[in-house]
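Going in written order, the chains are labelled A, B, C, D and E, and every chain counts its residues from 1.
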Amino acid sequence: MRKKRKGKLTQKIGTPPGTLIYTGDNKDVKPRIRVFEFDEESYKEKELSSLDDWDFSPDSGTVYWVDVVGLSDSEELFRKLRDLCGIHLLVLEDVLNVNHRPKAEYFDDYIFVILKMLTYADDNGVGVESEQVSLIWGSNYVVTFQEREGDVFEGIRDRIRNNKGIVRKEKACYLAYLLIDSVVDNYFAVLEKLGERVEEFEELVITDPSYEIVGNIHNLKRELIELRKSIWPLREVLGVLYKGDSDMIKPCAVYFRDVYDHTVEIIDIVETYREMASGLLDVFLSSLSNKMNEVMKVLTMIATIFIPLTFIAGIYGMNFKYMPELDWKWGYPLVLIVMVFISICMVLYFKRKRWF
Amino acid sequence: MRKKRKGKLTQKIGTPPGTLIYTGDNKDVKPRIRVFEFDEESYKEKELSSLDDWDFSPDSGTVYWVDVVGLSDSEELFRKLRDLCGIHLLVLEDVLNVNHRPKAEYFDDYIFVILKMLTYADDNGVGVESEQVSLIWGSNYVVTFQEREGDVFEGIRDRIRNNKGIVRKEKACYLAYLLIDSVVDNYFAVLEKLGERVEEFEELVITDPSYEIVGNIHNLKRELIELRKSIWPLREVLGVLYKGDSDMIKPCAVYFRDVYDHTVEIIDIVETYREMASGLLDVFLSSLSNKMNEVMKVLTMIATIFIPLTFIAGIYGMNFKYMPELDWKWGYPLVLIVMVFISICMVLYFKRKRWF
Amino acid sequence: MRKKRKGKLTQKIGTPPGTLIYTGDNKDVKPRIRVFEFDEESYKEKELSSLDDWDFSPDSGTVYWVDVVGLSDSEELFRKLRDLCGIHLLVLEDVLNVNHRPKAEYFDDYIFVILKMLTYADDNGVGVESEQVSLIWGSNYVVTFQEREGDVFEGIRDRIRNNKGIVRKEKACYLAYLLIDSVVDNYFAVLEKLGERVEEFEELVITDPSYEIVGNIHNLKRELIELRKSIWPLREVLGVLYKGDSDMIKPCAVYFRDVYDHTVEIIDIVETYREMASGLLDVFLSSLSNKMNEVMKVLTMIATIFIPLTFIAGIYGMNFKYMPELDWKWGYPLVLIVMVFISICMVLYFKRKRWF
Amino acid sequence: MRKKRKGKLTQKIGTPPGTLIYTGDNKDVKPRIRVFEFDEESYKEKELSSLDDWDFSPDSGTVYWVDVVGLSDSEELFRKLRDLCGIHLLVLEDVLNVNHRPKAEYFDDYIFVILKMLTYADDNGVGVESEQVSLIWGSNYVVTFQEREGDVFEGIRDRIRNNKGIVRKEKACYLAYLLIDSVVDNYFAVLEKLGERVEEFEELVITDPSYEIVGNIHNLKRELIELRKSIWPLREVLGVLYKGDSDMIKPCAVYFRDVYDHTVEIIDIVETYREMASGLLDVFLSSLSNKMNEVMKVLTMIATIFIPLTFIAGIYGMNFKYMPELDWKWGYPLVLIVMVFISICMVLYFKRKRWF
Amino acid sequence: MRKKRKGKLTQKIGTPPGTLIYTGDNKDVKPRIRVFEFDEESYKEKELSSLDDWDFSPDSGTVYWVDVVGLSDSEELFRKLRDLCGIHLLVLEDVLNVNHRPKAEYFDDYIFVILKMLTYADDNGVGVESEQVSLIWGSNYVVTFQEREGDVFEGIRDRIRNNKGIVRKEKACYLAYLLIDSVVDNYFAVLEKLGERVEEFEELVITDPSYEIVGNIHNLKRELIELRKSIWPLREVLGVLYKGDSDMIKPCAVYFRDVYDHTVEIIDIVETYREMASGLLDVFLSSLSNKMNEVMKVLTMIATIFIPLTFIAGIYGMNFKYMPELDWKWGYPLVLIVMVFISICMVLYFKRKRWF
C-alpha cells in the first residue's frame, strides 16, 4: 500500500472527459484476452489476440466470460467492446482510471462495478497491495478487467472447466456474484494477516516495549485506514446491488446479500483492529513513562543515599588546623557508624514510600 | 475471548457456496439430538441417534424443540433437516460457520437467527467466552444448534418438563423468545463481572497504581470492544424481529420487544464501561506523572542542598600552601555555621515553593 | 450514584417473565398508599391500608391520584391494580424492576412511563442519587410508584389541596405532566451542583493543581456519564409522548412539548460539562508537566553550576608531591576568582536561555 | 460568559406553569417601551409609559414595532400584550425566562422566536457576553424584548426613520428578518475576535510557550463550547423558519434562507476554531516535553563529563601512605592529561549522539 | 490559506441587504470582460469594455460564455447583467461577498453556484490559496466571476477555440460542467502536494524527529481543516445539482454525477490525511519520550556508577589521625580493586535490566 503516489491523482487533469488513458503502474502489461463460453452442457476456453475473433451472440443461452488482464494500449479493445455490447465510453474511461473509488453503476443493459482486489505480500515486506478489478455484466456476458496477472479467480475457472457447483447452470449474474465474492473473501485473508500483527504488537508492547514498535504501529494504523477507505464504499456498492431490481441482479439477489453481509463483517473487524491499534500507542506511552519512572527512582535512590555521605566525608577531608574530631581516637569509626546509620534511615524511608 | 484466531477467517475461502463445513474449535463434538414434544397436556423428551427417528407432524398443535449440541460431522443431519422442514442449504451453511455475525433472516416458512452465547469463565482466567447459538423456528417447531455441551437453557427445559409458566400454552415463537431471552439475560451476568473489574481497576488506579494495571485495562478494553461487536448486531436483529409482521413473530411481538429493550440497555452499559475504561488509562498516566514529580522533587531537594555544601567542603580540602582561613582558630566552626545557614535557606526556599 | 452494583443486573436471571419481584435496595419499605380524589369543586385525600378501600369510578369526572411509596411485598397491591384498571402484569413487573431504563409504553387505556428521580446528596458525600419513579395514567386516574419516602411532588400536592394553578380544572394527563415536569425540573438542581463542582475544579486545576483532583475529576466524569445514561432515554420518551395522538396525551401535548424542551436543554448542559471535565484532565497533565519542568530546571542549574566547581576544588585537593600551583602565593585566591568567573558565566548562560 | 451561574437553573423550580418571573440579572431595569409605526409614506416614533397608550389597529397596512427594553416588573405590560395581540401566557413566560435555549414556535396568528444576542467585551476582560432577545411577530406588528439597553438594532431604526432600503415598503416579517439578521451578523464580529485569539495563541504556543497559555486555551475552548451551544439551536430555529409555510413567513422566506446560510457558516467557523484550539494544547504539551528534553540533556552532559573527573581527583586526594603515583614527577600533569582526554571522548560521544 | 483575516467577517455588518460591495483582497483589479460566442460551426471571442457591447440573443442556439475577471467597481456591470439576463440583485451581492461558503441556488431561469478554486503555491511558502469562483448559467449562457487573473480554465478555452471534444456541440450546461469539473480536478493537485507533505513528515517523525516538525504538523492540520471546510459544502452542492430536474441540469446530469463522485473521493482523501496527521503528533510525542528515556538512562548509569566510588575515595580522603587502613601497605590497591569490583557489579546490574 506504500508506493509512490506521485502524479497518481493529477495525471488526468486537463484531459477532456472520455479520454481513454490507463493511469496505473503496470504500463507494460499488454492486454491478454481470454473468453470462457459455457452453458450447462458445453464449455469452451479461447485466448484471443483481438476481440474481432469473439463470436458473441447476445441473446443465446450461452454465458460468456471475457477475462482481460493488462490495461495499457487497450483503446482498440475498448472501442470494439463498445460496438459489441453497447458500453458507454465514460464507463470504459473509469475502467482505465485505476485510482477509482469502488462504485456500482446501473445502465439499461448492463451493470458496472469497480472493486479493489487486495493481496497481502508477506515476503517482500510491502504489506497490503491493491489492484483494481472492474466488472461489467449484461444478461449473458461478464467482462472483467485486471491490471496484471495473478488473481483470486482461479477457483472459479476450475469450477467452470469441471462443472463444479452450479455456475454452469446459472446466468451471468451468478458468475458476477462468484467473482465479487471471491474478491471480498480474500479480504478476510488480508485481515487475518493484519490481525496477527495486531496481536503480535499487543504482546510486544506489554512484555518488551521498544521504540521500533511506534513506527510499526503507525504503519499498521495507516494500512487499516487505507483498507477502510476501500471497504466502506464497497459496502455501499453491495448494499445498492442486492436491493436492486434490475434483471441483471434479481435472480442472484440472495447471493449478493450474502456478500453484503461479508462486507459488514469486514468493516466490523477493521474497526475493531483500528481501535486496538489506537490503544496500543497509549499502552506504549504508559510503558515508557513507567520505565522512566523506574530509571528515575534508581538515580534518586543512589543520589539521595550517597550525596549526603560524600558531604560528610568532604567535611573531614577539610584541612583546617583546628578540627578537634580529627584527633579523637574513635573519630573515624564514629563517622563510619553515623554514615551507616544515615544510609539505613534512607533505605527505610524509600521502603516505606514503596520505591522498591 | 482470547484464542488463536489463526485460520478462522480464511478456512472457507475458495469453497463453493453451500458447502457444509463446521469452522469452529470443537471439531470432536459429535451432534447429540434431543427432541422435546409438548402441548398443554402432554410432554415427551427423547434423545435421537438420527433425525430419521423424529416423527414430525408439521400442522399439529404440538410444539417440537429439536436441541442439537455439537456440529461436526453433521452433514447427514442437515440434509434430513432440509428434507423435513424445507430449510435452505445456505442457512445450514451459516449454522456451521460459527464465526458469523449475529443476524436474523426471514423466510416464508421459518425464521433464522444467529446469536452469540457469552459466558464468563472466572476460574481459568480466560475471561469472556463466546459460543454461537443458531435458532430456526417455524409455526410449530424450534431447532437450536450449539457447539458444545453446557448452556443457559436448563431453566427453560425445567419449565417445559414441569409445565411452569405459560410456555406449554403458547406457540413455537414463545419458546424461541424464551431461548433468545435467556441468552440475552446472560449478557447481564457477563457485564456484571466486567463491571466489577472496572470498579476494581478504578479503585486500584487511584489508590495504588502499578504498571500491571495497564495490561489489564487494555485487556478489559479489548473484551469490551469484542462484546460490543457481538451486541450491536444483536440489537439490530431484535429490532428487526419485534417489528416483523411474519406469522412466526406476530403472536410474540410484545415479548421480542422486551428482549430488544434489554439489548438497548446492554449497549448502554457496555458504552459506559468503555468510556470509564478509557478514562482509567488517563488517570493512570496522571498518577504516573505525579509519582515521577514526587521522585524528582526528592532528588532535586537532596541534590540542591548537598551539592553546594560539598563544594564548600571541597574548597577547604584543597592543599594550597597559603589559605589563611585554614589557620583561623574559628575557621572550622565558622564553615559549619555557614553550611547550616545555607541549608536552612534552601529548606525555606523549598517550603515557600510548596515542594513538601 | 456509587453504590454496590453487586447482583443488581443478575438477580432476575432465570425467573419466568411476569414474576413480580422488587429488585431495589429498599426492601424493608412496605407500600404506603395515598389517594387524592379531586375535581374543580371538591377534594379528598385518604391514606388506604389496601386498594380494596379505593372507590374508583372509571368514567366519572373526578381525577384520582394513587400515590404509592415503597415497593416491597406489593404483589397483593399489584394484582388488585390489574383488576381495577386493567393494567398488564408485564407493566407491573417493570415497575418493580427498578434498574430499568427510562421508557414510555402506549396501551389502549393507559400510558406507562418510567423515570429516574435524581437528588443530589451534598451532606453525606454520595453525590447524585437515583430513584425510579413509575407513572401509569388513564383517562381519569394517575398511579405513581416510588421506592421510598421523600420526593419532589410536595408542591403539586399543595396545589391540589389549595386549588392553586389549573391542576383541578384539567384532566389526568395534566397531573401526569405536572409530575413528570417536577421530576425533570429537579435535574436542573442536580446539574447546578455538578456545574459548581466543574467550575471549582477548573479554578483549582489552574491555580493549585494537586493529585487528589484527578480522582475527583474522574468521579465527576463518571457521574456525568451516568447522568447522561438516564437523560438520553428520557428525551426519547418525551419526544415520543408529545407527538403522541393518544387521548391520554392530546389535551396536554403542548405541556409535554415544554418538558421535552427541558430535556433537550439538560442534555446540552450535560454534554457541555462532559467536554469541560474532559478538558480538565488535559489541563492538569499540562500543569504537572510544567511543574516537573520547573523542578528539573532548579536541579539542572544547581548541578551545572556546582559540579564543575567541585571538580576544580577536587583537583587541588589531590596529594601529588609536585603540584606547582599549590605553592604559589596567589594560587588560592586565583582559583577562587576562576570559580566565581565560571559560575557567572553559567548564570548568564541560563539567563539567556530564559530558564528563570 | 463567565458569570455566577448560582441559582440560575433552579430559581423557577416549584412554581406553577404560567408564572411570570424574570430570571435574569438585570432586575433593576424597568421596561421602557418605544413604538415605531410606519408605512411607505409615513413614520411615527413614540415612547410609551404604558401599553394603554398604544393605538394598535390589527388589520391596517401600518407596521408596528414595539421595542421593549428591560424585563423586570413587566407583568402588567405582558397582560396587556396578551389582551391586545392574543399572545399566550406560556409564551410570555418564556420571554421572561432568559436562560432559554434559542427556539421558534408557530402559532396561528403570530410567530415566537428566542435568540441570544452576543457581544464581545474586550475592555473589561469578560469575553463573550450573551443577552436574550425575544421576537413575536404577527401580520402587521413586531414586538421585541431585550434585557437591557444597548443592542445591534440601531442601524435598523435608522433605516426606518430615513426610509433607507425597502423596510418601509415590506411587511412585518421583513422587519423581523432584519432584526434576526442583525443579531446573527453580530456573531461574525464575536467570531472574528475569537479567531484573532486563536491565531494569537497559535503564534505564542510555537514561538514562546509559557504555562499561562494553558488557562487561556482552556477558557477559549469553554467560550467556544458555550458559543456552539447557542448557535446549534439557532440553526435549527432558522432551518424551521425558512421552510415554514405560515403567512408570517412565506413573503420573506428567501430572506430567512439567507440568514440560515449564515448560521451554517457560523457553525463551520466555530467547529474549525474548536478543532484548532484542541490541537493547541497538544502542541503546548509537545513543546513542554521538548523543553524538558533540552534541560535534561544539559544536566546529563555536565554530570556525565564532570562526575568521572571528580572521581579521579578524589582518588588522588586519598591519604594512603603508599600511593606510588603521588611521588611521580609527572603524576600531576599525567592525571590532567587523562582528564582532558576523558572529557574530549565524552564530548565526541554526545556529538555523535547529536545532543547538541 | 494564512492571511490576515482581520475585518473579513465583519465588513458587511450593518449594510442593508442587496448592497453591492466587494469584500475580497484584490480591490485594485478592475473587471475585465471577455465573451466567447460559439455554436458547432462558428466561434467568436471578444474583449468588451462594457456589457453594453454584448449582443446577447437569449433564445438562439449560440452559447455565450461571459468570463469576468476582477470584481472591484463592478456595480455598473452587475446592474446591466440584471437587466440583460434577469439575475436577482441578492445573487450578485453573493458574487461580490467572496467569503461565502460554496453553495448552489436554483432559480426559474438560471442556476447560481459558488465554488472555491484552490491553488498550491509552492514557491512563496504560502501553501494552499483559495479564490472564489461564481457561476451563473441559463439555457444558453454561462457567466463566470473570478477575483483575479490566473485560473484553471485555459484548457477549456482551448477546446472552444479549436473545437476539441464535444463542448461546441453541447448546451450551456455542458460548459458549466466543464468549468466546475476543472475546478474540482484541481483539488487533486492540491491534495497531491499535501499528501507529499504528509508522507515527508511521516518519514521525518520516525527517522529524525526535531521540534520544528510540531509547528509544521500543526499547520498541515490547519490546512486540512480549511480544505475540508470548503469541500464538504461543495459535495452537498454537487449532490443537489446532479439530482436536480431543472432544464439547466437535466441534459448534463450524468456529467454532474461524475464530478460529484470526485468530490466524494476528495473528502475520503482529506479525511485520510487528517487521521494520518493526527497520528503524527502522537508518534512525535512517543519519540520524544523515548529520547528522554535514553538521556535519563545515560545520566543514571554514570551517576550510579561513579557516585558510590567517589564516596569511597572521599572516605580515604578524610584527615582523621587514626585511620588504620591508610597505613596498610596494600590499602591503596585494595581500595582500587574494591572500586573496580563495585563498578563491574553495577554494569552487570544494568545489563540485566537491559538498559543498554
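Keep this in mind: a contact is a pair of C-beta atoms (placed from the backbone, for glycine too) under 8 Å apart; a residue touches a chain by one contact, two chains touch by 3 or more.
Owing to the predicted nature of the structure, the values given are computational and were not obtained by experimental measurement.
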{"item": "Shared interface partners, meaning chains that touch chain B and chain C", "value": "none"}
{"item": "Homomeric contact chain C-chain D: same or different residue positions, threshold half", "value": "different"}
{"item": "Interchain centroid distance [CA atoms averaged], chain C/chain E, Å", "value": "42"}
{"item": "Chain A-chain B separation of Cα centroids, rounded to whole Å", "value": "26"}
{"item": "Residues of chain C whose C-beta touches two or more other chains", "value": "285, 289, 292, 296, 299, 303, 307, 310, 314, 317-319, 323"}
{"item": "Chain-level touch network, classified as line, ring, star, complete or other", "value": "ring"}
{"item": "Complex interface listing, chain A residues touching chain B", "value": "155, 159, 164-165, 167, 181-182, 185-186, 188-189, 191-192, 195-196, 199, 202, 206, 254-255, 258, 261, 264-265, 268-269, 272, 275-276, 279, 282-283, 285-287, 289-290, 292-293, 296-297, 299-300, 303-304, 307-308, 310-311, 314-315, 317-323, 355"}
{"item": "Complex contacts: residues of chain B adjacent to chain A", "value": "5-10, 12-14, 16-18, 90, 100-101, 103, 211, 214-215, 218, 221-222, 225-226, 229, 233, 281, 284-285, 288-289, 291-292, 295-296, 298-299, 302-303, 306-307, 309-310, 313-314, 316-319, 323, 325-329, 331-332, 335-336"}
